[in-house]
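Next, two complexes with chain A in common: one pairs it with chain B, the other with chain C.
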Partner chain A sequence: MNALLIVCGLGFISLVAEIINLKKGLHIAIVLGLVVAVAAVIGDWNTSATFFNNMLIFDPFSVAFTCLIIVVGIFWFCLTSPFFIGESHQTDRTALIIFTMVGGIMMVSFHNMAILFLGIEILSISLYVLAGSHKESFFSNEAAFKYFIMGSFATGFLLMGIALVYGATGSFDTSEITMHIEGHKAGLPGFFYVGILLMLVGLAFKISVVPFHFWAPDVYAGSPTMITAFMSTVVKIAAVGAFYKIFGLCFFSVQMSVLPIIQGIIILTLLVANIIAVYQNNVKRMLAYSSIAHVGYMLLGFISGSVKFEGILFFYLASYATTSLIAFGILYAIENAKGSTSIDAVKGLYNQNPFAATCMTIALLSLAGIPPFAGFFSKYLIFGSAIEADHIMLVIVAVVTSLVGVYYYFKPIIYMFSPAQASDKLYLSAVQKAFLGMLTAAALLLGLLPEWIITILS
Partner chain B sequence: MITLFLILWPVVVSLTIFIFRPKISKQIALLASLVEFILSLVVIFQFDGSGAAAFSMNIPWIASLGINFHIAIDGISLLLVLLTTGLMPFIILSSFNGPRQNSPNFYALILMMQMALIGVFTALDGFLFYVFWEMALIPIYFICLIWGGENKSRITLKFFIYTLAGSLLMLVALLILYYKTPGQHSFDIQALYAAGRSLGAAEQGLVFWGLFLAFAIKMPIFPFHTWQPDTYTVAPVEGTMLLSGIMLKMGFYGVIRWLIPMVPLGVTDWGFVAVLLSVVGIVYASALAIYQQDFKRLIAYASIAHVGLMSAGLLTLNKIGMQGALIQMISHGILAFALFYICEIISVRTNTRVIASLGGLRTNAPILTTVLMIAILGTVALPLTSGFVGEFLLLNSLFQYNFIIGATGGLTIILGAVYCLRAFQYMMLGKNTTTTTSISDLTGNEKIVLYPIVILIFVIGIHPDPLLKISEAAVGDLLELYVNFSAKTK
Partner chain C sequence: MVPIEYYLWLSATLFSIGVLGVLYRRNAIVIFMCIELMLNAVNLVMVAFSNYLNDPAGQVFVFFIMAVAAAEVAVGLAILVMTFRNTKSTDINMLNRLKW
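Here is the complex of A and B:
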């Protein structure tokens, strides 16, 4: 809880920083503030408490996910200092990012549908603005507008769903809803299920799974690269966390009624996202589709209903966030140097900057699920739990799409190791190098010693 | 402990080379591989010859999932560890005058590969085995991608995805078995054996195919071989040596350790199909080898033919066949290394590997010609060469298994003689062509590499007993497991 307050406070600090002329030290102050927030989260470890009349709950799940959001946020801030320094609206952007994180933390720690809605709105509205933060870029504007319209639409679905569920159960409180469902299993009205369905649609938009993904590639590709990185890490953690809290915990006993739909979503997501990713010539767009595909794998674990799923999901998100931050961080540096994120821009990267190429290679290998990196282990856990639940067909689909994944993840690798045309170098600042190195080490360590992360939630 | 050291030592050196990029990285790599070889000799001297797994180490890795870091060496592992550690210094030494001699990354990748190979050959935990199996793929992929020839990116990616497809099937099969282990699930090999045997015949058949496809792609046997000729041809010569000399043995090792004892009913039911495919592969690849213009490609097809014989002999499930396959793996490793190295020497000096444009190499390069002759005689399994021992045992087992299959398998020797001697005749004998008039003979470094190889070819051919003894007890135990189970179910 303290962490949420600290992060909120940081948001206000960055808002007033413009007025009291604190711009210079703001970036470092924010990072330090987030470190304090992490310390506060760790103070809450293994405790469970509710706040504001059961509006918020900080149980081990919420605490772990909050911690992940803030830690990834810290790394994100350290990798993106150029995005803030030397550009206008530094304080506004910082504040928006921080408020996105506030929304994210609320989404993983809600105990009341109202807070879920509030969290999603705080997160989304900040993101709509951030997506358009390259004001002169046509694509950035397009991304913001598209995201806004699609996002509001999805929110509408979600709100309608919440209202219908409230109508059927008489409460916004998640544990009361669960208890009501348990008590009146046979007598639930039809519109209750419609409500669940509408909520599923709304949340599916937010986690961007097929067929509710149409906004994602354009928004991801149009937004400034580091905002895309933020969307595919912090925002993804929050959205998937919220999805699990609703469908895995709150609606657990009526899960069966939506499982066939989720199974369909999984198959579509895995096939469509992976196959379209093959045809992308822009690394950023490819990573956008890959991010959609990874949610498909996470959902595959979700429907398998393993008792260890919370740990598996946490591990998956942690490893995905780690590797995707590396990839986007390097892509951002490339974009700054060459003005493009197309596949030709990464050509010859190994000759231009061996360190960046090595980190990027490890990140892509991990995303493709090659041992001994973190991504392999997360995929393994998902496949394992799916086989345990006898979803052999789905596993075979996932195996095939993983192979397709290798094809498009290896394309940039092949380009990176081909000889470069010009002798232009790629420079990384010492901070960027240090943090990319740390993330790469994490991608390896998570794969070699996954035990402590998986068991963190059991 | 020594097993762990065998695995860790190459990684440590590899990372050192990769990070500090010393100017003398090739010498460091050679020294490291020699140290590794000496260590493996120490293992041999301490080895007691029994079938039990020795030098073992078993510590929990991911305890909550029943995954242990369990490694050990028995007779079968020992032979393959010896092949890996023994061939590695030769491969590194052979690169000393080549275009990759100043690249630290190259040596770092080779040593990384050695780590993964030793890991595969010593792992006794299903998950650990899978991880090493996959890790072996990454260094070889990059070796081929960075230093390969024409069309390398397309061909190496095909190779990677092809083998990964097999690996993922293996992972699914292992996972199925893992969830059949009672109580707290475990990946320990004994637990997986027990789980595999508790299955019915149909389920064992499924698991059999999951595992066998992975191994068949790696070897490769017909019809899963289509990645192989392209990859062997396009890979840099050290990569080809690693692939054919050591890496394809991973597939055989997999069959011996992870397939036959795991799903005996599956092997009984489907073994014949596998033997048939292998034998078809022998004839098919030999026939294609006869028509190859490129000498490197010819060796690649020859390799498929020999692999077919080995896998057929292995799957006949009698002791002679298994022992034959094991000794043939060693012999094939040495011979493949020699052939690819000579091919590289010729192609560097004449700028071509096309057999038709070569000729009369004998006049200017008599030593080279002699060494190639010996290697080729080994390949066609002339008595007193290393190739003979293995092929004799393998064919013997095939004839015991089925006369027609044995006779078809026997074609490997006749057809082998056709394509090998034909190539030899065109390249070495006859008149000089424009490309070969000024060719020089073997130089110092090349002699240092090839002379010991020649000696090995003869020593193994004349006195194979010590090698056969190493694996005898382990193979016996393994077959006993299999036979006991089959008898019980009957």
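Here is the complex of A and C:
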């Protein structure tokens, strides 16, 4: 809880910093503030408490996800100082990013549908603005516009779902809803199931799974690169956490009725996202499809209903966020140097900057699921728990599609190691190098110690 | 008293009109209005259930929805103005530069 208040306070500080002219030290102050917030989260570790009349709950699950969101946020801030420092509206951008994190923390720690709704909206409204933060760029405009239309459309569905579930159960409190469902299993009215379905549609938009994914590649490709990095790490962690809290915990006893739909979504997500990614010539867009595909794998673990699933999900999201932050961080440096994120821009990266090429290679190999990196163990654990739950067909689809994945992750790697025509060097600042190195080390360490991370949550 | 089903059917109709409007209309401002229609259909369901269940929580939720919808539309209109400066149009078919 203290972490949420600290992060909120940082948001207000960065808004006020514009007025009292404190812009110079703001970036460092925010990073330090976030470190304090991590310390506060670690202080809450393994405790469980509710706040504001059961509106918010900080149990081990929420605390771990809050910690992940803030830690990824710190790394994100350190990798992106150019996005804030040389450009206009520095304080506003910082404040919006911080408020996005506040929304994310609320989404993983809600205990009442009202907080879920408010969290999603705080997160989304800030992101609509951030997606359009390159005001002169047509692409950024289009990304912001599409994101806004699709985001509020999805919110409409989610709200209708919440309203119908409220009508059937008489409460917004998640544990009261669960108790009511347990008590009246046979007597639930028909519109209750319509409500669950509408909530599923609304949240499926937010976690961007096929067939509700069509906005995601456009928005990811059009937004400024580091905002895309933020969307595919922090926002994804929050959205998947909220999806799990709703369908894994709150609606656990009626999960059977939506299971066939979720299975269909998984098959479609894995097939469509992985196959379309093969045809991309823009690395940023390829990573967008890869992030859609990774949500498909997470859902596969979700339906297996393993007791260790919370830990596995946490491990998957941690390793995914680490590796995709490396990939986007280097892509951002390439875009700054060459003005493009197409596959030709990464050509000859090894000659221009061996360190960046090595980090990027490790990140892409981990995303593809090659041992001994973190991505391999996260996929392995998901497939293992799905086999235990007898979803053999789904696992076969997942294994085949992740083989397809190996192809499109290798394409940039081959380009990077091919000889370069021009001899222009790629410049990385010392801070960027240090943090990219730390993230790469984390990708290796997570691969070596998966059990340690999983036992945090079980 | 009007039975609860009437309210549900009315708001289901309004909600569907909103959804169809978002899907079929090409003018951005009309799309905004349709999204508002969807949210107001939800408000109607909330208030109807709140009255039916004798529970004030639903009415409080309506205030949340109204406040958030206002914020959302403010941001949406700002984005629309920003886009209009570049494209000189509110037709969403102008937004077709990002393709797979």
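Following the convention adopted for this analysis, the second predicted complex is superposed on the first by the 458 of 458 C-alpha atoms of A that agree within 3 Å, B and C clash if a C-alpha of one lies under 4 Å from a C-alpha of the other, contacts with A are read in each partner's own complex, and residues count from 1 in each chain.
Everything below uses one rule, namely that contacts are C-beta pairs under 8 Å (C-beta built on N, C-alpha and C of every residue); 3 or more make two chains touch, one makes a residue touch a chain.
Note that this is a predicted model, so its numbers are computed, not measured.
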| item | value |
| --- | --- |
| First (chain B), second (chain C), both or neither touched by A:Ile370 | first |
| Partner chain in contact with A:Glu310 - chain B first, chain C second, else both or neither | neither |
| Touched partner set for A:Arg285, first chain B, second chain C, both or neither | second |
| Which superposed partner A:Asp44 touches (first chain B, second chain C, both, neither) | neither |
| Partner chain in contact with A:Glu335 - chain B first, chain C second, else both or neither | neither |
| In the superposition, chain B vs chain C on chain A residues touched | C |
| First, second, both or neither for A:Asn141, with chain B first and chain C second | second |
| Parts of chain A lying in touch with chain B, wherever the complex brings them together | 308, 365, 370-372, 376, 380, 383-384, 387-388, 392, 395-396, 399, 402-403, 406-407, 410, 413-414, 417-418, 450-451, 454-455, 458 |
| Chain A partner contacts - residues on chain C that touch it in the complex | 4, 8, 15, 18-19, 22, 28, 31, 35, 38-39, 41-42, 45-46, 48-49, 52-53, 55, 57-58, 60-61, 64-65, 68, 71-72, 75-76, 78-80, 82-83, 86-87, 92, 95, 97-100 |
| Residues of chain A defined as touching chain C within the complex | 113-114, 117-118, 121, 125, 128-129, 132, 135-136, 138-139, 141-146, 148-149, 152-153, 155-156, 159-160, 162-164, 166-167, 170-172, 191, 217-218, 221-222, 276, 279-280, 285 |
| Chain B residues within the chain A interface of the complex | 61-65, 130-131, 134-135, 137-138, 142, 145-146, 153, 157, 160-161, 164-165, 168-169, 171-172, 175-176, 178-179 |
